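In what comes next, chain A is part of two complexes: it sits with chain B in the first one and with chain C in the second one.
This part shows the complex of A and B:
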């Protein structure tokens, strides 16, 4: 009872806080943590779902009208939640370390970018592109299939490799995809090289819905579907086969788990989520180029999965949220704050901050964040913040 | 296709490939020694390597600012910088092992690998942070030294610069020294014993932890030397420069047979040559359709093909999966 009341007040107060102080990053962070509290609090599940639905379905879009950037952050978080859940299948459930995950995201993004922009005309020498914008919706499925097929094509030759070799090969594969995207503007112009592709068509929406809100709900919907699929997969015989492979490949094989098929399925499933989100990403950004699909992104998604806890669905969600918010809000906020202090000429301990080097931009240090997360989690809490339930039971907690 | 041109540039490409190959060989040694002892990919080795390059550039820029770069004899300067780079990188490698890998030695093998990846990313930004604070710039250029830029004409079309000669000689010396250490000294015997069987080695009175630290020290020092030589040869460095050469050096180590020291040298040279020829001839052979920008893909394809078809590499033995 106390928990219920606390949860309701927490969400309501922090929501009102965001409405009152739409520029304060801290207040928005408090609002986000209220959602985590709702998730963890001992409250009846109807109340939990009601509160989460109200917060994400009503309050968040309303906050977006005060400060559009928050809606953008929420949309980005959603995209990364789906990516983290996808990678979670490969790394967390099946135990295959994939360091080139962003390649599947890129494949999805380019599949819509080429057909949903005038660029397709150059490639196929016609004038029918861009396709009408409603094609965006079928392309969600096409992007999924293309990415899944890429996952199978990559998986087939490499799945026999041992764990650490597999990691390096997937890394190499991710780099190959990026270099290809960077250079395939000749002899045939497929990707338009480093210049990227623009303008990419956006999905048709009812006239009273803005694109920001439309994308927010689209991403929210996809994330819900992804979570649902993940939960069903986890408890299915496939999910159990994956976990058996992760724990002991030989024993799993002896129990009749078809190794190659199960691993390929893990790759394809993980890739398909990235493919769908790639299509959404391309359309949301209107412009894509290979810069968006670097190794750094792959490691970022890996850091999300590790932080939350490998194999844990709530873990992947929380991990994606924390890391994205760190990157988009905390680091950027730190940069802005430092700049303000510098411009104001504040002195700290007799040191004038205006003398700080101009190259020092906290916003650029996402690698450091990812690195610290990975090392510290591995040393002190390899099971993550929210360990998978099955793993928790194994550890006897 | 212009056959004359293909032939004319052949010796120059060969030379470039050899220089690149020695660079890869020196870096690959760090990967292969650690893998030989711990069966673990030290992903942060590319940053250990680039730290050597940064120590080198800082020293040279410092000497230049003090006006000593011209005054002192260049071989002495180069030797000092090389030693400093080796020392810094070696010390860094030992520290990383102590902090980020040793606590995880008993964990499943992917755990330390993830920790190493994190270390690699962390170090990149630490270098960037340090240089941003110290110089307000993190893209640094090695100061040019006139005697090093002298070129010797071998024939009309081929020439070799002093610095390329220095790189080749230094690399050869270092490879020879390592070979002697590993094969002719007591320490080398201990390293090989630990690589063979840790438990048995410790029963024979070998301090396994110390030998592992030593392996990181030697591998790191080789990486640091490669970093300084890389800077001397290619001039421009930034905190993220090390990543791709590191990956390629790992490819070289796998190509030669990971865990195998002569293999790493061979793999480095082979990969350097392959890459130089791919970079120069690809666009000539395909009529300009595919150019030098595909040389990275080339190296990674070699890696993937080797791992699939001959995972033990050119000289390696079969590595069994540890349960």
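This part shows the complex of A and C:
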């Protein structure tokens, strides 16, 4: 009872706080942690779902009217949650270390970018592009299928590889896709090279819904579907086969798990989530170029999965949220704040910050602090924030 | 009548080393044991039987069907399942989940059934867990169904591996040193369980064992491997008296002494 009251109050107060102080990152962080509290608190599950639904479905879009950037952050978090959940299948469940995961994101993004922008005219020498904007919705499925097929294409040659070797090959694959995107502007202009593709069509929405809110709900919906699919796969013979492969590939095969099929399915499932989000990403950004799909992005998603807890769905969600919020808000906010101190000429321990050399500008610390956080996490909580828990089951009589 | 399982003239070379040379072995019912000194090729023979190694020469047939060229999971689906000499459980999965993985080849569900949570899926999944419970019961591990395999004591791990192998509904069970590391008492209990399995399920078992007392008691037939060759085969008592067997285990001098 106390927990329930606390959860409701926490969410309501922090939500109101964001409305009152729409510029304060700190208050927004408190709002986010209230959602984690709701997830962890010992409250009836209907209340948990009700509160989360209210917070994500009503309060978040409302917050967006006070500070549009927060909605953008929430949308980005959603995109990375889907990516982390996809990679979690490949790395966390099946144990196949994939360092080129962002390639599938790129494949999805380019599949809509080419057909949803005037660029398609150059490629196919017609004038029918961009396709009417409603095509965006079928392209969510097309992007999924193209990415899944790419996953299978990557999977086939690397099936015999394990561990370090697999990691290197997937790393290479990720780079190949990026380099292709960078150079396929001649002889046939498929990707428009480093200049990128723009403008990419946005999906049609009811007139009273802004694009920011539209994308937020679209991403939220996709994330919900991805979570559902993930849970169902995990709690089935398919998920158990993946975990068996992760634990001991040889024993899994000897117990009747067809390795080729199971691994290809893992690659295809993981890739398909990234493909869908790629389509959304391309449309949301209006402009994409190969710079959005670097190796660092793959590593970022992998860091989310590991930070959250490998093979754990809540882990992937919290990992993606923490890393994205850290990058977009906390570290940015920190360096802004330090900059303000510096510009104001504040003195710390007898040293005037205004004299700080440019090499030590706060903005340059961001990556370093992120790295330190990762290192500390791996030392003190290597299993991740929400590690995978074994399901306790009643066996039928 | 054809034997349930027959291996003909199996030869396996690793580079210059001939691990198995022209080994012929078969089993129809009951428990057959393969014994021999360390490095005799016993586990290699199992790996050939289960498709982990491809034999350089020879034929393996199961229920009259040739197994050469089949993948390990296909052979398991046909009804041959095994345990490993150094336990290879799925360490971070629960005992029940380990057993359920063993049923994989018996699950006839597509991805769509899983995603849609169809009635068929719930049916099949329910019966899998029920059967998992029965199998754990058989080896006495039901109370530990939800424990993670790596936390189980050694003897339990061995028995869990047996339950997992049974989960595939095999007609032939290959056990690689199931009593290794057990006390004599535990070993005797396990052998009683194996006898029970043969009687209840009508399965055949091939056993690799070092514990001679156990082997001689439980086996219907014993084959002896030495340096990759079968040097003797027959009823336990005959094999025990065979001078070549004594020689393989204890050396020529001992064999001569025993013979004189």
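Just so it is clear, the second predicted complex is superposed on the first by the 364 of 397 C-alpha atoms of A that agree within 3 Å, B and C clash if a C-alpha of one lies under 4 Å from a C-alpha of the other, contacts with A are read in each partner's own complex, and residues count from 1 in each chain.
One rule holds in what follows: a residue touches a chain if its C-beta (ideal position, glycine included) is under 8 Å from a C-beta of that chain, and two chains touch if they have at least 3 such contacts.
Since the structure is predicted, the reported quantities are computational estimates derived from the model, not experimental observations.
In the superposition on chain A, A:179 contacts chain B only, with no contact to chain C. Contacts of A:243 after superposition on the shared chain: chain C is touched, whereas chain B is not. Contacts of A:368 after superposition on the shared chain: chain B is touched, whereas chain C is not. When the two structures are aligned on the shared chain, A:350 is found in touch with neither chain B nor chain C. Contact with chain C, but none with chain B, is seen for A:252 once the two complexes are overlaid on the shared chain. Of the two partner chains placed by superposition, only chain C is touched by A:265; chain B is not. After superposition on the shared chain, chain A has more residues touched by B, the comparison being chain B against chain C.
Comparing the two complexes, residues 250 of chain A contact chain B in one case and chain C in the other.
The part of chain A that touches chain C in the complex is made up of residues 229, 232-233, 236-238, 240-241, 243-244, 247-248, 250-259, 265, 390-393, 395-397.
Residues of chain C touching chain A in their complex: 50, 52, 71-74, 76-77, 81-82, 84, 88-94, 96-97, 100-107, 109, 111, 114-115, 117, 121, 125-130, 132-133, 136, 142, 145-146, 148, 164-165, 167-168. For chain A in complex with chain B, the touching residues are 95, 97, 99, 157-158, 160-165, 167-169, 171-173, 175-176, 179-180, 182-183, 186-187, 250, 295, 299, 302-303, 306, 357-360, 364-365, 367-368, 370-375, 378-379, 382.
Touching chain A in their complex are the following residues of chain B: 40-41, 100, 103-104, 107, 109-115, 117-126, 128-129, 132-133, 135-138, 243, 247, 250, 254, 289-291, 293-294, 296-297, 300-301, 303-304, 307-308, 311, 321, 323.
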